[in-house]
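Supplied in C-alpha coordinates, the structure appears directly below.
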(Lines give C-alpha, C1' and ligand atoms only; values in the text may rest on other atoms or scores of the structure.)
Protein backbone atom coordinates (compact mmCIF):
# COMPACT_ATOMS: atom_id res chain seq x y z
CA UNK A 1 0.00 0.00 0.00
CA UNK A 2 1.11 3.51 -0.77
CA UNK A 3 2.40 5.12 2.43
CA UNK A 4 2.08 8.88 2.15
CA UNK A 5 4.49 9.92 4.86
CA UNK A 6 7.46 8.11 3.38
CA UNK A 7 6.80 9.00 -0.25
CA UNK A 8 9.31 11.84 -0.13
CA UNK A 9 12.27 9.64 0.57
CA UNK A 10 14.74 12.33 1.52
CA UNK A 11 12.99 14.19 4.27
CA UNK A 12 9.63 12.63 5.05
CA UNK A 13 7.07 14.88 6.73
CA UNK A 14 4.26 13.99 9.12
CA UNK A 15 1.61 15.63 6.91
CA UNK A 16 -0.32 12.61 5.66
CA UNK A 17 -1.67 14.02 2.42
CA UNK A 18 0.62 14.72 -0.54
CA UNK A 19 -1.33 14.87 -3.77
CA UNK A 20 0.74 15.00 -6.96
CA UNK A 21 -0.54 17.23 -9.70
CA UNK A 22 0.11 20.00 -12.18
CA UNK A 23 -0.33 23.71 -11.57
CA UNK A 24 -3.17 25.13 -13.68
CA UNK A 25 -3.03 28.70 -12.43
CA UNK A 26 -1.12 31.02 -10.13
CA UNK A 27 -2.68 34.33 -9.15
CA UNK A 28 -0.36 36.63 -7.25
CA UNK A 29 -1.83 39.07 -4.74
CA UNK A 30 0.01 41.57 -2.58
CA UNK A 31 0.60 39.31 0.42
CA UNK A 32 -1.11 36.08 -0.58
CA UNK A 33 -1.25 33.98 -3.74
CA UNK A 34 -3.93 31.63 -5.05
CA UNK A 35 -2.69 28.42 -6.67
CA UNK A 36 -4.83 25.87 -8.53
CA UNK A 37 -3.46 22.35 -8.98
CA UNK A 38 -5.00 19.63 -11.09
CA UNK A 39 -4.89 16.27 -9.29
CA UNK A 40 -6.56 13.60 -11.40
CA UNK A 41 -10.16 14.69 -11.89
CA UNK A 42 -10.02 17.24 -9.08
CA UNK A 43 -8.81 20.80 -8.80
CA UNK A 44 -7.04 21.54 -5.52
CA UNK A 45 -6.91 25.19 -4.55
CA UNK A 46 -4.35 26.65 -2.20
CA UNK A 47 -3.80 30.03 -0.58
CA UNK A 48 -0.14 30.52 0.31
CA UNK A 49 2.02 33.57 0.90
CA UNK A 50 3.07 35.61 -2.11
CA UNK A 51 6.64 35.17 -0.91
CA UNK A 52 6.48 31.40 -1.14
CA UNK A 53 4.94 31.56 -4.60
CA UNK A 54 7.78 33.84 -5.68
CA UNK A 55 10.59 31.86 -4.04
CA UNK A 56 9.31 28.56 -5.41
CA UNK A 57 8.81 30.26 -8.81
CA UNK A 58 5.44 28.55 -9.11
CA UNK A 59 3.97 28.70 -12.61
CA UNK A 60 1.40 26.97 -14.79
CA UNK A 61 2.59 23.51 -15.81
CA UNK A 62 4.82 22.83 -12.80
CA UNK A 63 4.55 19.41 -11.23
CA UNK A 64 3.90 19.85 -7.52
CA UNK A 65 2.43 18.19 -4.48
CA UNK A 66 -0.49 19.68 -2.58
CA UNK A 67 0.42 18.89 1.04
CA UNK A 68 -2.28 18.82 3.73
CA UNK A 69 -2.09 17.93 7.43
CA UNK A 70 -4.73 15.34 8.40
CA UNK A 71 -6.13 17.56 11.17
CA UNK A 72 -7.19 20.06 8.47
CA UNK A 73 -9.40 17.62 6.55
CA UNK A 74 -13.12 17.52 7.28
CA UNK A 75 -15.53 14.78 6.22
CA UNK A 76 -18.92 15.53 4.71
CA UNK A 77 -21.52 12.83 4.10
CA UNK A 78 -22.84 12.62 0.56
CA UNK B 1 -15.42 24.48 -15.52
CA UNK B 2 -16.20 22.67 -12.32
CA UNK B 3 -16.78 25.24 -9.60
CA UNK B 4 -16.08 23.68 -6.22
CA UNK B 5 -17.87 26.13 -3.99
CA UNK B 6 -21.23 25.68 -5.66
CA UNK B 7 -21.05 21.92 -6.06
CA UNK B 8 -23.14 21.38 -2.94
CA UNK B 9 -26.21 23.07 -4.29
CA UNK B 10 -28.16 23.37 -1.07
CA UNK B 11 -25.76 25.16 1.23
CA UNK B 12 -22.51 25.99 -0.53
CA UNK B 13 -19.50 26.53 1.68
CA UNK B 14 -16.45 28.73 1.13
CA UNK B 15 -14.02 25.81 1.57
CA UNK B 16 -12.68 25.42 -1.96
CA UNK B 17 -11.73 21.76 -1.86
CA UNK B 18 -14.36 19.05 -1.77
CA UNK B 19 -12.96 15.74 -2.94
CA UNK B 20 -15.48 12.96 -3.47
CA UNK B 21 -14.42 9.49 -2.44
CA UNK B 22 -15.14 6.34 -0.52
CA UNK B 23 -14.19 5.62 3.08
CA UNK B 24 -11.57 2.86 3.28
CA UNK B 25 -11.09 2.85 7.03
CA UNK B 26 -12.34 4.46 10.24
CA UNK B 27 -10.25 4.10 13.39
CA UNK B 28 -11.96 5.37 16.52
CA UNK B 29 -9.83 6.76 19.34
CA UNK B 30 -10.96 8.16 22.65
CA UNK B 31 -11.34 11.79 21.57
CA UNK B 32 -10.20 11.73 17.94
CA UNK B 33 -10.82 9.45 14.98
CA UNK B 34 -8.69 8.69 11.93
CA UNK B 35 -10.54 8.38 8.62
CA UNK B 36 -9.04 7.24 5.31
CA UNK B 37 -10.86 8.14 2.10
CA UNK B 38 -10.00 6.87 -1.36
CA UNK B 39 -10.22 9.70 -3.92
CA UNK B 40 -9.25 8.41 -7.34
CA UNK B 41 -5.67 7.17 -7.08
CA UNK B 42 -5.05 8.98 -3.79
CA UNK B 43 -5.77 8.20 -0.17
CA UNK B 44 -6.88 11.22 1.82
CA UNK B 45 -6.43 10.95 5.58
CA UNK B 46 -8.39 12.97 8.09
CA UNK B 47 -8.27 13.43 11.84
CA UNK B 48 -11.65 14.51 13.18
CA UNK B 49 -13.31 14.31 16.57
CA UNK B 50 -14.59 10.95 17.71
CA UNK B 51 -17.94 12.61 18.26
CA UNK B 52 -18.27 13.64 14.62
CA UNK B 53 -17.30 10.16 13.46
CA UNK B 54 -20.00 8.73 15.72
CA UNK B 55 -22.70 11.24 14.83
CA UNK B 56 -22.06 10.90 11.10
CA UNK B 57 -21.94 7.10 11.57
CA UNK B 58 -18.88 6.99 9.31
CA UNK B 59 -17.99 3.50 8.14
CA UNK B 60 -16.04 1.73 5.40
CA UNK B 61 -17.75 2.06 2.04
CA UNK B 62 -19.53 5.36 2.70
CA UNK B 63 -19.42 7.94 -0.06
CA UNK B 64 -18.12 11.18 1.42
CA UNK B 65 -16.37 14.41 0.56
CA UNK B 66 -13.04 15.36 2.05
CA UNK B 67 -13.43 19.11 2.59
CA UNK B 68 -10.37 21.35 2.94
CA UNK B 69 -10.03 25.12 3.27
CA UNK B 70 -7.60 26.58 0.71
CA UNK B 71 -5.53 28.28 3.42
CA UNK B 72 -4.63 24.80 4.77
CA UNK B 73 -3.07 23.56 1.53
CA UNK B 74 0.70 23.85 1.06
CA UNK B 75 2.55 23.47 -2.23
CA UNK B 76 5.74 21.41 -2.56
CA UNK B 77 7.86 21.41 -5.70
CA UNK B 78 8.54 18.01 -7.19
CA UNK C 1 -29.52 18.67 22.80
CA UNK C 2 -28.59 20.50 19.66
CA UNK C 3 -26.25 18.30 17.66
CA UNK C 4 -24.09 20.51 15.48
CA UNK C 5 -22.91 17.95 12.98
CA UNK C 6 -26.37 16.94 11.87
CA UNK C 7 -27.86 20.44 11.79
CA UNK C 8 -27.36 20.66 8.04
CA UNK C 9 -29.70 17.82 7.24
CA UNK C 10 -28.75 17.31 3.63
CA UNK C 11 -25.00 16.81 3.77
CA UNK C 12 -23.76 16.92 7.35
CA UNK C 13 -20.11 17.81 7.83
CA UNK C 14 -17.71 16.76 10.57
CA UNK C 15 -16.85 20.38 11.47
CA UNK C 16 -18.47 20.72 14.89
CA UNK C 17 -19.06 24.46 14.92
CA UNK C 18 -21.69 26.06 12.72
CA UNK C 19 -22.72 29.45 14.04
CA UNK C 20 -25.71 31.05 12.34
CA UNK C 21 -25.55 34.78 11.81
CA UNK C 22 -25.84 37.72 9.46
CA UNK C 23 -23.08 39.22 7.37
CA UNK C 24 -22.20 42.73 8.56
CA UNK C 25 -19.38 43.44 6.15
CA UNK C 26 -17.50 41.96 3.20
CA UNK C 27 -14.14 43.49 2.25
CA UNK C 28 -12.74 42.15 -1.01
CA UNK C 29 -8.97 42.02 -1.45
CA UNK C 30 -7.02 40.79 -4.44
CA UNK C 31 -6.71 37.14 -3.37
CA UNK C 32 -8.38 37.08 0.03
CA UNK C 33 -11.58 38.56 1.46
CA UNK C 34 -12.46 39.57 5.01
CA UNK C 35 -16.00 38.75 6.14
CA UNK C 36 -17.62 39.87 9.40
CA UNK C 37 -20.65 37.93 10.66
CA UNK C 38 -22.84 38.90 13.59
CA UNK C 39 -23.69 35.86 15.73
CA UNK C 40 -25.79 36.91 18.70
CA UNK C 41 -23.70 39.36 20.70
CA UNK C 42 -20.47 38.37 18.96
CA UNK C 43 -18.80 39.35 15.74
CA UNK C 44 -17.13 36.44 13.96
CA UNK C 45 -14.43 37.39 11.48
CA UNK C 46 -13.34 35.18 8.63
CA UNK C 47 -10.59 35.34 6.02
CA UNK C 48 -11.55 33.32 2.94
CA UNK C 49 -10.44 33.41 -0.67
CA UNK C 50 -11.72 36.23 -2.84
CA UNK C 51 -12.96 33.57 -5.24
CA UNK C 52 -15.23 32.01 -2.66
CA UNK C 53 -16.60 35.39 -1.65
CA UNK C 54 -17.37 36.09 -5.30
CA UNK C 55 -18.85 32.68 -6.10
CA UNK C 56 -21.04 32.69 -3.00
CA UNK C 57 -21.99 36.33 -3.80
CA UNK C 58 -21.51 37.18 -0.12
CA UNK C 59 -22.94 40.56 0.83
CA UNK C 60 -24.10 42.49 3.88
CA UNK C 61 -27.35 41.11 5.24
CA UNK C 62 -26.92 37.52 4.04
CA UNK C 63 -27.77 34.79 6.50
CA UNK C 64 -24.80 32.46 6.75
CA UNK C 65 -23.09 29.96 9.00
CA UNK C 66 -19.57 30.49 10.27
CA UNK C 67 -18.14 26.95 10.14
CA UNK C 68 -15.12 26.01 12.27
CA UNK C 69 -13.35 22.67 12.77
CA UNK C 70 -12.93 21.83 16.47
CA UNK C 71 -9.17 21.37 16.12
CA UNK C 72 -8.92 25.09 15.24
CA UNK C 73 -10.49 26.35 18.48
CA UNK C 74 -8.23 27.33 21.38
CA UNK C 75 -9.33 27.88 24.96
CA UNK C 76 -8.18 30.85 27.03
CA UNK C 77 -8.89 31.14 30.74
CA UNK C 78 -10.63 34.34 31.82
CA UNK D 1 -17.74 49.00 18.28
CA UNK D 2 -16.32 46.02 20.07
CA UNK D 3 -12.77 45.47 18.84
CA UNK D 4 -11.85 41.85 19.38
CA UNK D 5 -8.10 42.11 19.15
CA UNK D 6 -7.76 44.62 21.94
CA UNK D 7 -10.30 43.05 24.29
CA UNK D 8 -7.60 41.30 26.27
CA UNK D 9 -5.98 44.47 27.49
CA UNK D 10 -2.77 42.99 28.80
CA UNK D 11 -1.41 41.06 25.85
CA UNK D 12 -3.66 41.43 22.82
CA UNK D 13 -3.42 38.68 20.21
CA UNK D 14 -3.99 38.86 16.47
CA UNK D 15 -6.62 36.09 16.54
CA UNK D 16 -9.80 38.01 15.74
CA UNK D 17 -12.33 35.77 17.40
CA UNK D 18 -12.55 35.54 21.19
CA UNK D 19 -15.94 34.24 22.27
CA UNK D 20 -16.63 34.40 25.99
CA UNK D 21 -18.54 31.49 27.47
CA UNK D 22 -18.78 28.82 30.11
CA UNK D 23 -17.37 25.32 29.91
CA UNK D 24 -20.13 22.71 29.76
CA UNK D 25 -17.96 19.63 29.44
CA UNK D 26 -14.35 18.49 29.37
CA UNK D 27 -13.56 15.00 28.08
CA UNK D 28 -9.96 13.96 28.58
CA UNK D 29 -8.39 11.55 26.10
CA UNK D 30 -4.86 10.17 26.08
CA UNK D 31 -3.26 12.91 23.98
CA UNK D 32 -6.18 15.16 23.10
CA UNK D 33 -9.13 16.60 25.02
CA UNK D 34 -12.57 17.64 23.86
CA UNK D 35 -13.97 20.83 25.41
CA UNK D 36 -17.51 22.16 24.98
CA UNK D 37 -18.16 25.84 25.72
CA UNK D 38 -21.54 27.52 25.86
CA UNK D 39 -21.45 30.92 24.13
CA UNK D 40 -24.88 32.50 24.19
CA UNK D 41 -27.19 30.16 22.30
CA UNK D 42 -24.35 28.24 20.71
CA UNK D 43 -22.11 25.42 21.80
CA UNK D 44 -18.50 25.81 20.69
CA UNK D 45 -16.48 22.61 20.59
CA UNK D 46 -12.71 22.52 20.79
CA UNK D 47 -10.09 19.81 20.44
CA UNK D 48 -6.92 20.76 22.31
CA UNK D 49 -4.04 18.78 23.75
CA UNK D 50 -4.64 16.84 26.94
CA UNK D 51 -1.65 18.67 28.40
CA UNK D 52 -3.22 22.07 27.92
CA UNK D 53 -6.49 20.89 29.44
CA UNK D 54 -4.55 19.63 32.45
CA UNK D 55 -2.31 22.68 32.84
CA UNK D 56 -5.22 25.10 32.53
CA UNK D 57 -7.21 22.87 34.93
CA UNK D 58 -10.23 23.22 32.66
CA UNK D 59 -13.48 22.07 34.25
CA UNK D 60 -17.22 22.47 33.89
CA UNK D 61 -18.34 25.94 34.92
CA UNK D 62 -15.12 27.79 34.11
CA UNK D 63 -15.44 31.07 32.29
CA UNK D 64 -13.24 30.93 29.21
CA UNK D 65 -12.76 32.40 25.77
CA UNK D 66 -12.90 30.27 22.65
CA UNK D 67 -10.16 31.82 20.50
CA UNK D 68 -10.16 31.30 16.72
CA UNK D 69 -7.90 32.73 14.01
CA UNK D 70 -9.89 34.33 11.18
CA UNK D 71 -8.18 32.18 8.53
CA UNK D 72 -9.78 29.10 10.16
CA UNK D 73 -13.39 30.31 9.74
CA UNK D 74 -15.36 29.19 6.69
CA UNK D 75 -18.63 30.72 5.48
CA UNK D 76 -21.60 28.62 4.43
CA UNK D 77 -24.67 30.11 2.77
CA UNK D 78 -27.96 29.32 4.46
CA UNK E 1 10.61 23.06 33.22
CA UNK E 2 9.16 25.93 31.24
CA UNK E 3 5.41 25.41 30.91
CA UNK E 4 4.18 27.22 27.82
CA UNK E 5 0.50 27.38 28.59
CA UNK E 6 0.93 29.24 31.85
CA UNK E 7 3.64 31.62 30.69
CA UNK E 8 1.14 34.39 30.10
CA UNK E 9 0.10 34.64 33.71
CA UNK E 10 -3.00 36.74 33.26
CA UNK E 11 -5.04 34.79 30.77
CA UNK E 12 -3.29 31.59 29.81
CA UNK E 13 -4.27 30.07 26.47
CA UNK E 14 -4.30 26.44 25.38
CA UNK E 15 -2.03 27.13 22.37
CA UNK E 16 1.17 25.36 23.41
CA UNK E 17 3.67 27.37 21.42
CA UNK E 18 4.48 30.97 22.33
CA UNK E 19 7.82 32.03 20.91
CA UNK E 20 9.14 35.39 22.10
CA UNK E 21 10.90 37.50 19.53
CA UNK E 22 11.26 40.84 17.81
CA UNK E 23 9.43 41.97 14.69
CA UNK E 24 11.81 42.35 11.75
CA UNK E 25 9.27 43.33 9.13
CA UNK E 26 5.59 44.06 8.61
CA UNK E 27 4.19 44.09 5.08
CA UNK E 28 0.63 45.33 4.84
CA UNK E 29 -1.58 43.98 2.07
CA UNK E 30 -5.21 44.84 1.34
CA UNK E 31 -6.80 42.14 3.52
CA UNK E 32 -3.81 40.25 4.88
CA UNK E 33 -0.45 41.23 6.35
CA UNK E 34 2.86 39.38 6.41
CA UNK E 35 4.86 39.63 9.64
CA UNK E 36 8.41 38.38 10.19
CA UNK E 37 9.59 37.78 13.76
CA UNK E 38 13.13 36.95 14.81
CA UNK E 39 13.15 34.22 17.48
CA UNK E 40 16.70 33.37 18.43
CA UNK E 41 18.39 32.11 15.28
CA UNK E 42 15.12 31.56 13.45
CA UNK E 43 12.77 33.79 11.51
CA UNK E 44 9.10 33.04 12.11
CA UNK E 45 6.73 34.22 9.42
CA UNK E 46 3.06 34.87 9.99
CA UNK E 47 0.11 35.76 7.78
CA UNK E 48 -2.57 37.56 9.77
CA UNK E 49 -5.40 39.89 8.82
CA UNK E 50 -4.51 43.45 7.90
CA UNK E 51 -7.00 44.55 10.55
CA UNK E 52 -5.13 42.80 13.34
CA UNK E 53 -1.82 44.25 12.16
CA UNK E 54 -3.39 47.71 12.24
CA UNK E 55 -5.16 47.32 15.58
CA UNK E 56 -2.08 45.90 17.27
CA UNK E 57 0.00 48.65 15.60
CA UNK E 58 2.63 46.04 14.74
CA UNK E 59 5.93 47.55 13.63
CA UNK E 60 9.60 46.64 13.27
CA UNK E 61 11.28 46.34 16.66
CA UNK E 62 8.20 45.35 18.67
CA UNK E 63 8.61 42.52 21.13
CA UNK E 64 5.93 39.93 20.42
CA UNK E 65 5.07 36.28 20.78
CA UNK E 66 4.44 34.05 17.81
CA UNK E 67 1.59 31.83 19.03
CA UNK E 68 0.91 28.46 17.38
CA UNK E 69 -1.57 25.70 18.23
CA UNK E 70 0.11 22.30 18.54
CA UNK E 71 -2.24 20.73 15.99
CA UNK E 72 -0.77 23.08 13.34
CA UNK E 73 2.83 21.88 13.76
CA UNK E 74 4.16 19.16 11.44
CA UNK E 75 7.32 17.14 11.97
CA UNK E 76 9.83 16.50 9.19
CA UNK E 77 12.74 14.11 9.57
CA UNK E 78 16.16 15.57 8.82
CA UNK F 1 19.53 36.04 4.43
CA UNK F 2 18.27 32.61 5.29
CA UNK F 3 15.39 31.74 2.97
CA UNK F 4 13.15 29.17 4.66
CA UNK F 5 11.30 27.88 1.65
CA UNK F 6 14.44 26.79 -0.20
CA UNK F 7 16.25 25.32 2.78
CA UNK F 8 15.15 21.82 1.88
CA UNK F 9 16.97 21.74 -1.41
CA UNK F 10 15.36 18.65 -2.85
CA UNK F 11 11.67 19.40 -2.63
CA UNK F 12 11.07 22.85 -1.20
CA UNK F 13 7.66 23.43 0.38
CA UNK F 14 5.64 26.62 0.63
CA UNK F 15 5.35 26.38 4.45
CA UNK F 16 7.53 29.27 5.55
CA UNK F 17 8.54 28.02 8.96
CA UNK F 18 10.95 25.11 9.36
CA UNK F 19 12.57 25.11 12.77
CA UNK F 20 15.42 22.63 13.26
CA UNK F 21 15.62 20.94 16.62
CA UNK F 22 15.87 17.73 18.59
CA UNK F 23 12.99 15.60 19.80
CA UNK F 24 12.73 15.66 23.60
CA UNK F 25 9.64 13.49 23.96
CA UNK F 26 7.15 11.44 21.98
CA UNK F 27 3.90 10.43 23.64
CA UNK F 28 1.83 7.98 21.62
CA UNK F 29 -1.95 8.05 21.98
CA UNK F 30 -4.50 5.88 20.20
CA UNK F 31 -5.05 8.12 17.18
CA UNK F 32 -2.85 11.12 17.91
CA UNK F 33 0.67 11.61 19.21
CA UNK F 34 2.25 14.49 21.12
CA UNK F 35 5.79 15.43 20.12
CA UNK F 36 8.05 17.91 21.92
CA UNK F 37 10.98 19.39 20.00
CA UNK F 38 13.73 21.56 21.48
CA UNK F 39 14.55 24.46 19.15
CA UNK F 40 17.21 26.66 20.70
CA UNK F 41 15.78 27.97 23.96
CA UNK F 42 12.22 27.04 23.04
CA UNK F 43 10.17 23.88 23.21
CA UNK F 44 7.90 23.38 20.21
CA UNK F 45 4.96 21.05 20.76
CA UNK F 46 3.18 19.23 17.99
CA UNK F 47 0.07 17.06 17.77
CA UNK F 48 0.27 14.74 14.77
CA UNK F 49 -1.39 11.45 13.91
CA UNK F 50 -0.17 8.33 15.68
CA UNK F 51 0.36 6.82 12.25
CA UNK F 52 2.82 9.49 11.20
CA UNK F 53 4.72 9.16 14.47
CA UNK F 54 4.96 5.42 13.86
CA UNK F 55 5.89 5.63 10.18
CA UNK F 56 8.55 8.28 10.80
CA UNK F 57 9.76 6.23 13.80
CA UNK F 58 9.99 9.43 15.82
CA UNK F 59 11.95 9.04 19.05
CA UNK F 60 13.81 11.14 21.62
CA UNK F 61 17.06 12.48 20.21
CA UNK F 62 16.02 12.59 16.54
CA UNK F 63 16.93 15.71 14.62
CA UNK F 64 13.78 17.07 12.99
CA UNK F 65 12.18 20.18 11.64
CA UNK F 66 8.99 21.60 13.08
CA UNK F 67 7.16 22.82 9.97
CA UNK F 68 4.43 25.47 10.25
CA UNK F 69 2.39 27.25 7.56
CA UNK F 70 2.49 31.04 7.98
CA UNK F 71 -1.30 31.29 8.06
CA UNK F 72 -1.27 29.28 11.31
CA UNK F 73 0.95 31.71 13.23
CA UNK F 74 -0.69 34.35 15.43
CA UNK F 75 1.04 37.41 16.86
CA UNK F 76 0.60 38.50 20.48
CA UNK F 77 1.93 41.80 21.80
CA UNK F 78 4.18 41.55 24.82
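Each chain gets a letter, A, B, C, D, E and F, in the order it is written, and its residues are counted from 1.
The definition used in the following text is that contacts are C-beta pairs under 8 Å (C-beta built on N, C-alpha and C of every residue); 3 or more make two chains touch, one makes a residue touch a chain.
Please read these numbers as outputs of a predicted model, since none were measured by experiment.
Engineer: Taking A-F as the reference interface, which entry in B-D, B-F or B-C shares over half of its contact pairs by residue number?
Structural biologist: The chain pair with the recurring interface is B-C.
Engineer: Determine, using the mean of C-alpha atoms as each chain's centre, which chain is farthest from chain E.
Structural biologist: B
Engineer: More contacting C-beta pairs: C-D or B-C?
Structural biologist: C-D
Engineer: Let me have the rounded angstrom distance from the C-alpha centre of chain C over to the C-alpha centre of chain E, please.
Structural biologist: Roughly 24 Å separates the two chain centres.
Engineer: From the C-alpha centre of chain E to that of chain F, how far is it in Å?
Structural biologist: 15
Engineer: Where in chain B do residues touch at least two different other chains?
Structural biologist: 8, 11-16, 29-30, 32, 34, 45-49, 51-53, 56, 65, 67, 69-72, 74-78
Engineer: Each pair of chains that touch: what are they?
Structural biologist: Result of the pairwise touch check is A-B, A-C, A-E, A-F, B-C, B-D, B-F, C-D, C-E, D-E, D-F, E-F.
Engineer: Give every residue of chain B touching chain D within the complex, in rising order.
Structural biologist: Those residues of chain B that touch chain D are 11-15, 29-32, 49-51, 69, 71.
Engineer: Please output the residues of chain B touching chain C within their complex, sorted ascending.
Structural biologist: Residues 3, 5-6, 8, 10-16, 46-49, 51-53, 55-56, 65, 67, 69-71 of chain B touch chain C in their complex.
Engineer: Under the definition above, what is the set of chain E residues touching chain F in their complex?
Structural biologist: 2, 4, 8, 15-20, 34-35, 37, 39-48, 52-53, 56, 58, 62-78
Engineer: Please give the residue numbers of chain F that touch chain D in the complex, ascending.
Structural biologist: Those residues of chain F that touch chain D are 27-30, 32-34, 45, 47, 71-72, 74-78.
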